[in-house]
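Below, chain A partners chain B and then partners chain C, in two separate complexes.
Presenting the complex of A and B:
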């Protein structure tokens, strides 16, 4: 709510005050490109002939009247009965949670590793150590990050996860598709305020990137 | 260097071990000869030579003398192994290819001997990467038998003069023809492509010409696809020497200055195009 200057929403019903929309990302990103120098920017959900996101961009103009560019992006409204399909996965019961290293370094390393292997192993422990590893017939490469720090998570009973008796040196690991990790990193244009990942050994890696008002979460499943 | 990252201690010292404060001093030279996946590494007390060949017609050598390294030790008279150069370059540039001012990647290289992988330890900003690259049986390399006493024509040019020419070579031409002569046109590069022929002449009194020793008019043709990769070496170099012998074999030697002002050499050898020669008969 704090992110926008104005925000109004009326969902389907009081107890279901949400709207689920499906759209083609390319359409929205193209509209947003014209908004880079915008004075103001409005998004409205309209239903003239079919549901659309109407993006109205007010662009600077030399004359007294402003120039408004409008994009109508077709969207699909998702019926309530399908909402469960899109439920945000809950934060998994992870084995290790650790702050990510400098994204710039991680990006360079993962890009090079992508040339060498299709899969990458991410492992980390509660002593602030993380390793990125690839292994093929031709080559093995391991990058070691230290002193990253582990975020304090309070569990239901108020204890920190480290109190659950996990050996601080023991690594939790997951093998994932390296392209997915590379795409995640390539998409980060601005340095987040906080970046961390939670690893459920052999199951999933959950990345959380926090900016001022926005959080991005990625779940990448582990492969055999 | 974390203890866990070090190789298991063995009784013998590695057959080859080297340290370099700035891995770019090695990776940029290797890029200049990277036109095939595989390379042969040859190390002696004098330094490292990395050789790449193609089509049994062209050979490129990068020389990194021992003085470039902070530490360079070879336990045997010579050490030779074949390695995947693309993989080696990806490892050497693991922290990024471009140079950000003030940062450099430190490198330590170890090779235990025949059958062992090449170990690389790279460090930048406190982050350590360990690479283990499998090596292969060295293959026999071509001997171009290019002897400085049998050189017929020799020119030394400032590289900036040739860079544009090589970058814009008409690749629809199958050959690059090189004419060297004590008389006009002195030094001419020619291509014969779909759009027509192109000739680029360099007069002997040009500012770019550092040395001109041509005794005989020679015109030789070389497969352009084999010589095009030398553009990478040309781009890095400040000077290039172009020599041909009586057989028409070509030797290109590039003088490359690194960030610290140290000089290294890369050379390309190429034999003349047989098909082109036959077609003329």
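Presenting the complex of A and C:
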């Protein structure tokens, strides 16, 4: 709520004060593109012909009054009974948590690897080392990152997970679809304040990107 | 009868290149029409709902030379010999308009006597010479008549503003609606009754009339036209830095986007969707009864909007049918003594057709109000003589601008 100058929401009911909307991201992205020089920017949920997100952008103009651009983006309102499908997964009991290398570097490495293989293995340990590996019939390529640092996580009983006696050198790894990783990295336009990933061996990789007011989390399941 | 036409060099190559690109958005082929006063490039799309004309006066070129050798019986009439070129063959010549200015020192365009080619020759840096010989088709002149000065709504705006507006619409947006009242101006995505709103993103841009260099709204109106065809003109206008004038009326009547400065003029005339066929012309003037019906064949070509807009009447209004029958009425040559682009043909010229019956003149005047015209002169004597010049010369006694007219189905 603090992110916006003004924020009003009224959900279905007091104890379910949330609204789930489904939309085509391309539409919202296009609307936002036109708002780059906006004076003000407002999003409203309306129901004209059908449920819509009405994005109203006030743009500077040559005259005293502003130019107003309105985009009506059709959305689907998701009924409450399906809300469970979209529940945020809880932070898993991970084996290793590690800070990511510079996203730009990671992106160019992954982009080149994408041409060689459909899958990539991410492995990391609690000594700040991470490897990105691909393996095909013809070639194996590994990129090594060192001195990345491991974020301190406080677990429920107050002690850090690293204190749970895990061997610092031991790698936790997961094999994921490389396209999904590449899309995640390609989508980052702004450098986050903090970027880390948690690996549950052979199960899932959980990426957390923190900006000032915003957090982005990605869960990418591991493949066999 | 021979026509020799030489055009050499350019003051501004990128401007010419952008003009070609702008015309390319209308159609795959265009008319290359040199006359004494300059060079006109024209194009019309297959459904006859968009027409473009760019006229470069001789002063635009570093050197312009056009000569016609005429027969004595011409009585001093000057001839134009337009030809049709395929856009795709010309575009590579002007592919990168910006690069052109840097690498090309000179561009010559010429057509040899009796030649079957129009030659574009680029003299580039380092002694490289690129020669393009493009085969052309001889064809009937093309000309549209649109009485701009009779439009009640006139807006004048810098191309930057139009470009800034159109950027909010997706590149795939076909039709856009312009809605004006004396107090406000609005561009919005076109919607119709059976638009699926749950799948379509709609965009609307509201502007203050003060943003326009000139703003005159005589009648509140909402006109819908094809955006794709316009984008080329906007890019062209940005290259010339000349503001764009918009002339329009109520829905159904064409909208004209034009730019004009000392050395060039361009007009893009687009048909607009009509709300309903309100024409009441149920009676057809008897003077048209003898018209040829060949126009019916052309009438069957419907604009794309016909297919996509099931709400619109599939049949043409009776008025439209009348206009079609007027085609091929008088196969007269296009008057070549033009002061400017053919578009600027005035009301006055229409009324000057004293030789015609009064009623016919009146109907022709009405026609210019109602739709987009262009006269494709068809020479009755085509079969008689091989040379088009010759047949043009003998076609008619009257100086009529538009022999054949067809209403653009809107």
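Basically, the second predicted complex is superposed on the first by the 224 of 224 C-alpha atoms of A that agree within 3 Å, B and C clash if a C-alpha of one lies under 4 Å from a C-alpha of the other, contacts with A are read in each partner's own complex, and residues count from 1 in each chain.
The working rule: contacts are C-beta pairs under 8 Å (C-beta built on N, C-alpha and C of every residue); 3 or more make two chains touch, one makes a residue touch a chain.
Treat the numbers as computed from the prediction; the structure is a model and nothing was measured.
Visitor: Mind checking the superposed model to see whether chain B and chain C fit together on chain A or clash?
Guide: fit
Visitor: Using the touch definition from the top, say if A:68 reaches chain B (first), chain C (second), both or neither.
Guide: It touches chain C, and chain B stays clear.
Visitor: Regarding the shared-chain residue A:36, is it in contact with chain B (first), chain C (second), both, or neither?
Guide: It touches nothing on chain B or chain C.
Visitor: Who does A:189 touch here: chain B (first), chain C (second), both, or neither?
Guide: It touches nothing on chain B or chain C.
Visitor: So, A:50: does it touch chain B (first), chain C (second), both, or neither?
Guide: second
Visitor: In the superposed arrangement, does A:90 touch chain B (first), chain C (second), both or neither?
Guide: After superposing on A, A:90 lies clear of both chain B and chain C.
Visitor: For A:105, select first, second, both or neither according to whether it touches chain B, chain C, the two together, or no partner.
Guide: First partner only.
Visitor: Is A:139 in contact with chain B, with chain C, with both, or with neither (first, second, both, neither)?
Guide: first
Visitor: Quick one: is A:27 in contact with chain B, with chain C, with both, or with neither? Answer first, second, both or neither.
Guide: In the superposition, A:27 touches chain C alone.
Visitor: One more residue to check, A:115. First (chain B), second (chain C), both or neither?
Guide: Only chain B is touched by A:115; chain C is not.
Visitor: Nearest approach of chain B to chain C by C-alpha atoms in the superposition, in Å, rounded to an integer.
Guide: Shortest inter-chain C-alpha distance (chain B to chain C): 6 Å.
Visitor: Just to be sure I follow: which residues of chain A are touched by chain B in one complex and then by chain C in the other one?
Guide: Touching chain B in the first complex and chain C in the second, no residue of chain A appears in both lists.
Visitor: Of all residues in chain A, which touch chain B in the complex?
Guide: Counting only chain A, the residues touching chain B are 101-102, 105, 108-109, 112-113, 115-116, 137-147.
Visitor: Using the touch definition from the top, list the residues of chain B that touch chain A in their complex.
Guide: Within the complex, chain B contacts chain A at residues 2, 4-5, 84, 86-87, 90-91, 93-96, 124-134.
Visitor: What does chain C use to touch chain A in their complex?
Guide: 161, 167-168, 170, 197-208, 210-211
Visitor: Which residues of chain A touch chain C once you look at their complex with the stated criterion?
Guide: It is residues 24, 27, 30-31, 34, 48-50, 52, 61-65, 67-74, 76 of chain A that touch chain C.
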